[in-house]
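Shared between the two complexes below is chain A, which pairs with chain B and chain C, respectively.
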Partner chain A sequence: MNDITLTPLGTSFNRIQSTDLKDTTKSNVDGYPMSLNAQFSGDILNQALLNDIDKLFESIRRVESNIPSSKENNSTRQTLDEVIFDARANVKVLFSEISMYFPTELKEKLFHQIDLLHDTDDWEDGDNPVQISSFKTFLRWFYLDQPSQLPNFGMSNGGLLIATWLSNHNKDRLILEFRSDDHIKWFATKHYDDEQDMSSGITSASRLIHHLASYKASDWFIKP
Partner chain B sequence: MYLQKDNHISRHAPYKKCIRDENDKPIGLLPQAFEMRAERNEKALSVNWLEYYKDTHVQNVTKMVTDFRTTRTVGLNSAFGIANVGELELACATMNQTSVRILYDSKATSKTKSSNASHATIIRLPFNDDDFQSILSSNIFTEIIPNSSIP
Partner chain C sequence: MPILKKRTLLVNQMTTFQYKRAPIIEAVVEFRSDDPVDNKKRAKALKKLNRFYTNHQPISQHDLEVKISDGQPPTTQSVEVIIDRLSSADMTEQLHIRDIAFLSSQLAPYHGWEAFRERITRDWNIWRGTVGFRPITRIGMRYINRIDLPALGDEVRYEDYVSIYPNLPPLLDPCLSHTVSVNVAIPDIDAILTLKTAIVESPLPNHLSIMVDLDIKKTFQTPPSDEEIFSFIDQARIKKNEAFESCIKDKARDIFKL
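Right, the complex of A and B next:
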């Protein structure tokens, strides 16, 4: 099979390249190689991927148990700066512990933008720092679908991590908001000649690619 | 008073609510930039009315940003999305929300003694509706002014 093979745990992340896509003879939804659609039940590859992810999240749980929560490490009220510092540190520690499963470029971009997302000059009353549960959903989705084109990151008032991709001279947009418990809200805008197609919805990390099937999502996810 | 259809409004978005290009330059506002805050019982979206300044469009934007900066800290990497009032109301009307308006209440603004004198609100928007947030992001607030571009 010419599809992308799974990266064994503990080795460097095997990113999907455009050449891989061209060589893919057994593609399915939207021309994706199997590793981007590995959620199809009964597939040997699918089961192997899920096993990998289970191990990945065992690692996450182990790391989380070592991260003191803001409630635990504090008998007095934290200042905003402290809350933000803790939140940024927590996601960076978490990512660093499992970074071997992800591309180096993702770490660099994510860490840089996580700091900018928490700019206290732009902080309003009621804003929340990035939520670990949202970050975990992002990691799980990224590990499942392995986009070679990295997104830019944003964040909602509630501290939900957002990832955005652009294509077609920045006219076509995909915006993913990562919620807790593996749920993702998507906003897609695509142009077909003079027509604009928009959709939004909420799905699970493993089913997102199905919902994007009609949008040729590879335009966003595969590095040109 | 309700703003006229040929007028313009702006909405500020911090870095975290901007759509940015490959150079990290803001080119749009995320749908999440149009979320109302449930914990504050928000029922309208805060915006600024550009024609309040009675100058050219470019000068109106500059004056609005200058005023806005006196009311709060504004991150260097944030941006302002600009929209036409008529286009916004028409887009809402096509989604069966014909009562959406932009309200400028000069008395309310002066009562707050705020220097944010052009403050206005988008009223009667459905609360945190994905479709409306998506339309406002993709089709309405399409002129983007990076905060860093205004001296």
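Right, the complex of A and C next:
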């Protein structure tokens, strides 16, 4: 399966404000939004953005799922195991190379969720293991911005690492999708009284914090 | 080969403390023998060692053997070698077993010599106790360090951080990259140190990195006892630290202490 496809919303930055948006986000026990259903009128770009976020969430595999895949094929199991083992091993070795700059908690949480995301019992046709170029972008970004509040991790079907922060009773969300070469796609949703402010864009690891400045990113990144 | 210059590595250097952010990205100790272990004993030892490691991967490697006989053209033969790679869940602790070698590796973060030595001792005792005596002909110890230098603008003054770099005439400036490799005798322990440094791309944004790779080797004419093996690696590790400390400056130490 290819990487998730996102509807083009602009060149590199899109900001949408809606005053008529009802968000019925559902979350699983870990605070992972499982689907987004929004009803609103007006701005077609709002719909496009919500569709994007829907697609993104649908593509994130639940890390706590223990449901075995019905599509397992024993004849290819060995090869699949090897591929997945190598992908997990490679990102862990990459992490180790700069682990001296990161807190132990990050390693524990990240490795635990990487292992869960690569559970071969949950593997389905079309799934791809984590891309090392995506993981590298995450590490470089994390080194730059050093969030003390660790995110939950997910992965797109194409193997791009995804980090999610929730705040304001899980209503405000920040989702980062780490791409190759220090590129990051971000989705932000913030509530201000009855208004919902949403934006999305693609930027570099070093510039992300500037794009999130107006959202008071510390609400997500700094441990309360 | 003539010795160009005899050197005794500095003794009065810091050798025992642990940096907060040790720059070691990999530490390796290898024991090598000319007497291969048979597969049955090897499998038995691996079964015992597996208890301490989460992953076990047999890796196929092809060694190229070149045979040269008098009056005959040289012949080459590819020989398949299986290496059993045991690793911890986070991949930082590894043990590589092949028919003639026992190799223990620690990736970053490096938690100090005591912890690493303890694991080597544990695994070696299991290995030796199961496969029996094998004469060790060579012991190697390698520490690969990466020093991450912050870039200020486009310039990184690596001379401020390390004391080993090429001495270039002013005409050949600025130096974009370099690789230096030297072999140094360590008479105290009758070993050879191969020291390599190179400027490499840093995994960190806005940084440049210098690799300092220290590889100490000793060959044995008479097989050492276990006591002698571990006595040697203890001494080699001290010499390694002395060599490393002599290659870096305080500005680099400040990075590791942060």
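Heads up, the rule we're going with is that the second predicted complex is superposed on the first by the 146 of 224 C-alpha atoms of A that agree within 3 Å, B and C clash if a C-alpha of one lies under 4 Å from a C-alpha of the other, contacts with A are read in each partner's own complex, and residues count from 1 in each chain.
By our rule, contacts are C-beta pairs under 8 Å (C-beta built on N, C-alpha and C of every residue); 3 or more make two chains touch, one makes a residue touch a chain.
All figures in this text were calculated on a predicted structure; none of them were measured in a lab.
Enquirer: Aligned on chain A, chain B and chain C: do they clash or fit?
Expert: With chain A aligned, chain B clears chain C, so fit.
Enquirer: If you stack the two complexes on chain A, which partner ends up touching A:175: first (chain B), second (chain C), both, or neither?
Expert: So A:175 only meets chain B here.
Enquirer: A:117 in the overlay: touching chain B, chain C, both, or neither? Say first, second, both or neither.
Expert: A:117 sits against chain B, while chain C stays out of touch.
Enquirer: Between chain B and chain C, whom does A:83 touch in the aligned arrangement: first, second, both, or neither?
Expert: Touch partners of A:83: none, neither chain B nor chain C.
Enquirer: Touching A:144, do we find chain B (first), chain C (second), both, or neither?
Expert: The second partner, chain C, only.
Enquirer: Counting residues of chain A touched by each partner, does chain B or chain C come out ahead?
Expert: Of the two chains, more chain A residues are contacted by B.
Enquirer: Touch test for A:213: chain B only (first), chain C only (second), both, or neither?
Expert: Neither partner.
Enquirer: Minimum CA distance, chain B versus chain C, superposed model, integer angstrom?
Expert: Superposition on chain A places chain B and chain C at a least C-alpha distance of 19 Å.
Enquirer: Taking the stated contact definition, name every residue in chain A that is touched by chain B in one complex and by chain C in the other, in rising order.
Expert: In chain A, nothing is touched by chain B and also by chain C.
Enquirer: List the residues on chain A that touch chain B in their complex, please.
Expert: 116-119, 121-126, 152, 154-157, 162, 164, 166, 170, 173, 175, 177, 185, 187, 189, 196, 198, 200-201
Enquirer: How about chain A: which of its residues touch chain C in the complex?
Expert: 85, 89, 92-94, 96-101, 107, 111, 115, 136, 139-140, 143-144, 182, 205-206
Enquirer: Write out the stretch or stretches of chain C touching chain A in their complex.
Expert: 21-23, 25, 55, 57, 87, 89-92, 107-109, 146, 203-206
Enquirer: Show me the residue ranges of chain B that touch chain A in the complex, using the header's touch definition.
Expert: 14-22, 24, 27-28, 30-32, 35, 37, 39-40, 73-78, 130-131, 133-135, 137-139
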